[in-house]
C-alpha cells in the first residue's frame, strides 16, 4: 500500500477541531447510550426533479441554487425501446448537483467561515481556493459517532415552532435540563421547518436561532458539534442574514474560535416526538476533497 | 405538522427489501459489537478539482463522468479584494456534481438494476423516469446501522489484492470462518483499489469479485447489504462488464431477487489491518428523492 | 476523413423542417439586406454567479433551474498564492450549467414539443430518450442566416410593452405592414422583458404573445423561424402556462405541424430603437447532440 | 427602459480589443464577400450522453471534464406513462454542463490568459474571481461578423493533417498567398481533428500549431480573431502543454498583448474542401457574464 495517499483517512488533529474529542472511549460511551435500537433519520429529502417544482417544495434559503437530479438512463428509456444490456439487464443511473449550504441538511467544514486572514486554528485562508479548501475542508472532519443530546426549545416554549425573531439564550438551554458532556453533539430544535409547511413566505420571514450567550454556553461545555433544524444555527433576519457582530456571530464562535462543527437544516420532528433527550448521533460527511461542507443524512439511534 | 410529507422518513416495507431486517433488536445488538470505540472510514475521497488532474487520481471505471467540485466563493476572492460580509465575515461556498456509480464509494438503490418490466418485489419499472425512481429509490432505503462482518478474501489468499480474473466462490467465504447473522452487512475485501496504485491500466484490466454461488450463499444467510472494495460486487472483464447470465448476475441476485443492498468502491485497507472481523457498520445514504443510489462515507466502529 | 461521422454537419432534410428554406440563394439574398453593417445582439445576459443573486436579476420563468457559472481557476487563486504555469502564465477556466428553456435566450429544437406518439414529420417520439433526442434534436438544425423582419407590436400599440393578457392576432401582424418572404425569420416584439425591470412579480403575472391565428398567418408565409422576446411565443397565464388547445397551441402550430423553429426570450430593445424592419438575422445553435434546444446569442445586422 | 442594465450590449472599447476593428464599414464589407450563400458549420458536435461513451468519441484534451447533457423529461417518460400536459402536449427539456476549453469548439475571452497582475490592456487580474471575470470576460466580446480567410496549412504541406511536432511559421502563412485585411478572422487549418479519427492516442501525442513568428505576423496584420482546428492555437507537446516562453506564447501574443480573440477546436474539413479562401465568418459567443470563454458554433458563409 502506498502510504502517501490519504484514502480512507481524515485530517491531522490541528485541522479537526472539536472532533478530536471523539476518542475511542468517548465513541464507545456514545454507542452505550442506545437503549431500544430505534433509528431516526434527521434529514430533509433532497428533491432535485429538474423539470418539476419538486425542489421548491422543501425548505431552503431564498435564491440559493437548488439541487438538481438527473437520470441518465431510466425505465422510460426501456419503455421507449432502449435495448437491455446483454441478456436482459436494465438499469437506471443518475447524477446529482448539490450546493449544500442553505438548500438541504448538511454539515459545515471548519473552513466554511472565518474573519481576517486565518481560518480556524491559524490556518491560512489563502489556502481556500477555487480547487477547494486545502486546509480545514470537510475531508478533514471524519465521521461523527457521538452522544447526542436534544435541546427541544420549541417544546420548552410550548409551541410547534419558535417565532422568527426568537433568539435562544443560555438560560433556555439551561432550562432544558439536559446533561451535556464533552464530545457530545448538541441538537437544538426550533421547529422552524414547520414554518415552511405554513408557507415559504413564513419560512423566509426570518428564522429563530441561538444567541451568542447560548453559543458560548455550549462551547464551554466542549461539544463537538451543534446541529439544528434552522438554516444557520443563529437566527436570521428577513434578509436571511445574521445580525450579530463578528464577536457574537455564531459561526465565528463555533467554527472559527472553537473548531466546533455545525450541522444545519435537520428535520427533528420524529426525534422530538420520541421524547428522549439522549441518543447515539451519527453523521458521515462525504469525503469531498476541500469541500466547504457536505450534504448529510444524520441518524439518531435511540 | 402536515402528515402528508415524508420528510425524515424512509419507504414502506415493500420497497425497503432486506433493510427491513434492521429491527430495533438487531440494531441494538449491532451497537453492542463495539469494543474499542475506534472509528474507521471506509470511503475513498471525492476529488473534483475541475481544472486539475485530481479527479483522475482515484479509482474509477473508465469513461464515467468524474465528480466535479466548484467553489463559488473562496479565500482567493478575498485575497483579490472581495469585500467581507458586514463587519468582516468571510466564507467559502461550493457545489458538487456526482454520478456515484463507478466513480466513488456509493450505495445502490434497489431500483438500480432489474430485468423485464418489474423492479424488486414486483414494482413496475415504468415508475423509474427522468425525474427519478418513484419506486425503490434510495430515498426508500433509510440508514444502515448493522453488525458488519469482514470477509478478507485477499488475506485468505495471501495476496495484497486478488487477480483481475479471480471470482470469489462460496467456498472462499466459508473459508473465512466468519459467523454471519441475519441483518448483517457482509463486507468483502478484494484489495482491488491497490491495483489502482499500481496503475490505472491495471485497475481497468478487469476486476475480481463474487461468483454467483457466493452471492447465493450470502443471500441465504439474510444479510441486509453486501459491501465491497471492487466496483460492481461481481467481477468485471476488461471491458468493465460482468460475464454472468441474468440468472447468475450478482446485481440480479442481490438487488432484484432478494432486495439486498449493495455498496461498492469502499476502501477497506485500514479495516483489514485492524484484524477484527466483527464491528458496527454504518452507512447513511443521502435522502435523494428517486435516486438510483447515493455517495456514502461508510463507517466501521470497532 | 472518416465519412461515417457527422462532425460539422446538420441533419437530413426530413428532420430540419423549415430550415430547408435556407437555400443558398435565400442566404445570399439575406446577406444582401445589410445596409450599414451595424451589429445588434439580441440576447439577454447569462448570469450564473452561484453565491450571489445575479442569476435572479434577469428575466426567467419562476421555478426554472437558473444557469450556474463556476470558475475552476481565477485571478483570486493567484492573489492567494497559486503558482503560475511554467514561466509565468496565468489563466481562468470555467464551467457553465444551462437549462435553456425559460431561463435565457434560446432556440427550440423541433423535438422540443409534440402530441401523440410522433414528433414533427412523423418521427417517432420514442427516439427522444434520456441520452437525447436522436430525431429532430437541435444538432439537426444547422445555422440560421436569414432575412429578419421585425413585427414591433408594442410600438404598434404605442406602449413600451404589451399587457400580460394581450394576444397578438393576425390583424396585428398585418398592421405592422412588414413584407414577409419565404425563409424569413419573423421577429415579434412584445417588450415584455421591460416588465421584469418593473418587477419580477409583474413579469410572472402572465405574458403577452401570439394568438393561434397569428401563428397560422406566419406559417402560411413560410417563415423558417419565429423569434420573440417573450418566453413561449404564445401568451402565458399567471401559472406560466398556455391556455390554447392542442389545435391552437403555438408550439404545435410552429414546431410540430410546420417544422418552424422558435427562438424565445430575446432582447429586442436596441433593434426596435434602430427603426429598421428588415435586417440580416443570425443564430448559431450549439451542436448539442440530441439537445431539446440551445442557448443562443442571436445577431441582427442592419 | 432602465438604462443601467447591459442587456443585449457588449463591453466598452477598452475591454473589447481587436473586436473594435469590426466597425460597420468592416462588417458591411464582410457580408459582401458572400458569393453563393452556402453555409458551413465549423463546429464539432457536443456529445454529452452521460451513461454512454459518446462524449469520449469526439476530440478533447485528455483529462478535461467532458460535456454532460441531461434530459429532464423525454419521450421515454411518456412511453412509461407520464401524463401529457393539459389536453395532450408532450415535451422534452434538458440541461447541459460545459467546460469549453479543451472539450469542444469555443472562443476564448480576453481574460482567459495573462501574465503578472494585469489582463489585456492593463485591466487588473484581481477582478477575475469565483463569480466570473468582471473585466475582459466573454460578455464583453460581442458578436463576430467578419471577413474570414483560410490558411490551409495542411493542404500547403500536401498532407491530410500536419504532424504533431509541426510548428507553423510566418513563412507558411505567407506561402498560403492569402490577402489579409484589418478586422479579418484568420482561420488556420492543421487538420488535427483527423488525427482523432486515427485514434485518441494519436490526437494526444502532441498537436501542430502556430509558432511565435506566425503569431506576430498575424498580429501585425490586425486580424480580430485567430481560429484553428487545434486545441490551443499554438502547438502542444505530449503533455498537452505549450513549449513557448511567455514572450513567445501564442495566447500571450494574441489575447494578452494585442487583444486578438482566439477560437479553438473548429472543424474545418468541409470548409477546406470548398476550396475558397475568403468568406463571411460568423461567431456569436453566449453572453455568459464573466465567462472565460464560450462554446460556439462558428459559421462560414461562402
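Letters A, B, C and D name the chains as they come in the text, with residue numbers starting at 1 for each one.
Simple rule for what comes next: contacts are C-beta pairs under 8 Å (C-beta built on N, C-alpha and C of every residue); 3 or more make two chains touch, one makes a residue touch a chain.
Quick caveat: nothing in here was measured; it's all calculated off a predicted structure.
Taking CA atoms, the transformation carrying chain B onto chain C includes a rotation by 180°, reported to the nearest 5. For the touching copies chain C and chain D, the fraction of interface residue numbers used by both exceeds half; the interface is of the same-residue type.
Between the CA-based centres of chain B and chain C the separation comes to 43 Å, rounded to the whole angstrom.
Chain centres here are Cα averages; for chain A and chain B they lie 22 Å apart. Chain geometry summary: the mean Cα position of chain A and that of chain C are 41 Å apart. Along chain B, residues 49-51, 65, 68, 70-82, 93, 95, 97, 99, 125-131 each make contact with two or more other chains.
Listing the residues of chain D that touch chain A in their complex gives 49-51, 68, 70-82, 93, 95, 130.
On chain B, the positions that touch chain D within their shared complex are 50, 53, 55-56, 63, 65-66, 68, 71-74, 76-77, 80-82, 97, 99, 125-131. Interface of chain B with chain A (complex): residues 1-2, 5-10, 22-32, 34-52, 54, 58, 65, 69-72, 74-76, 78-79, 84-101, 105, 111-116, 124-133, 139, 142-143, 145, 160, 193-194, 197, 241, 245-246, 249, 251-252, 267, 269-270, 280, 282-293, 295-299, 301.
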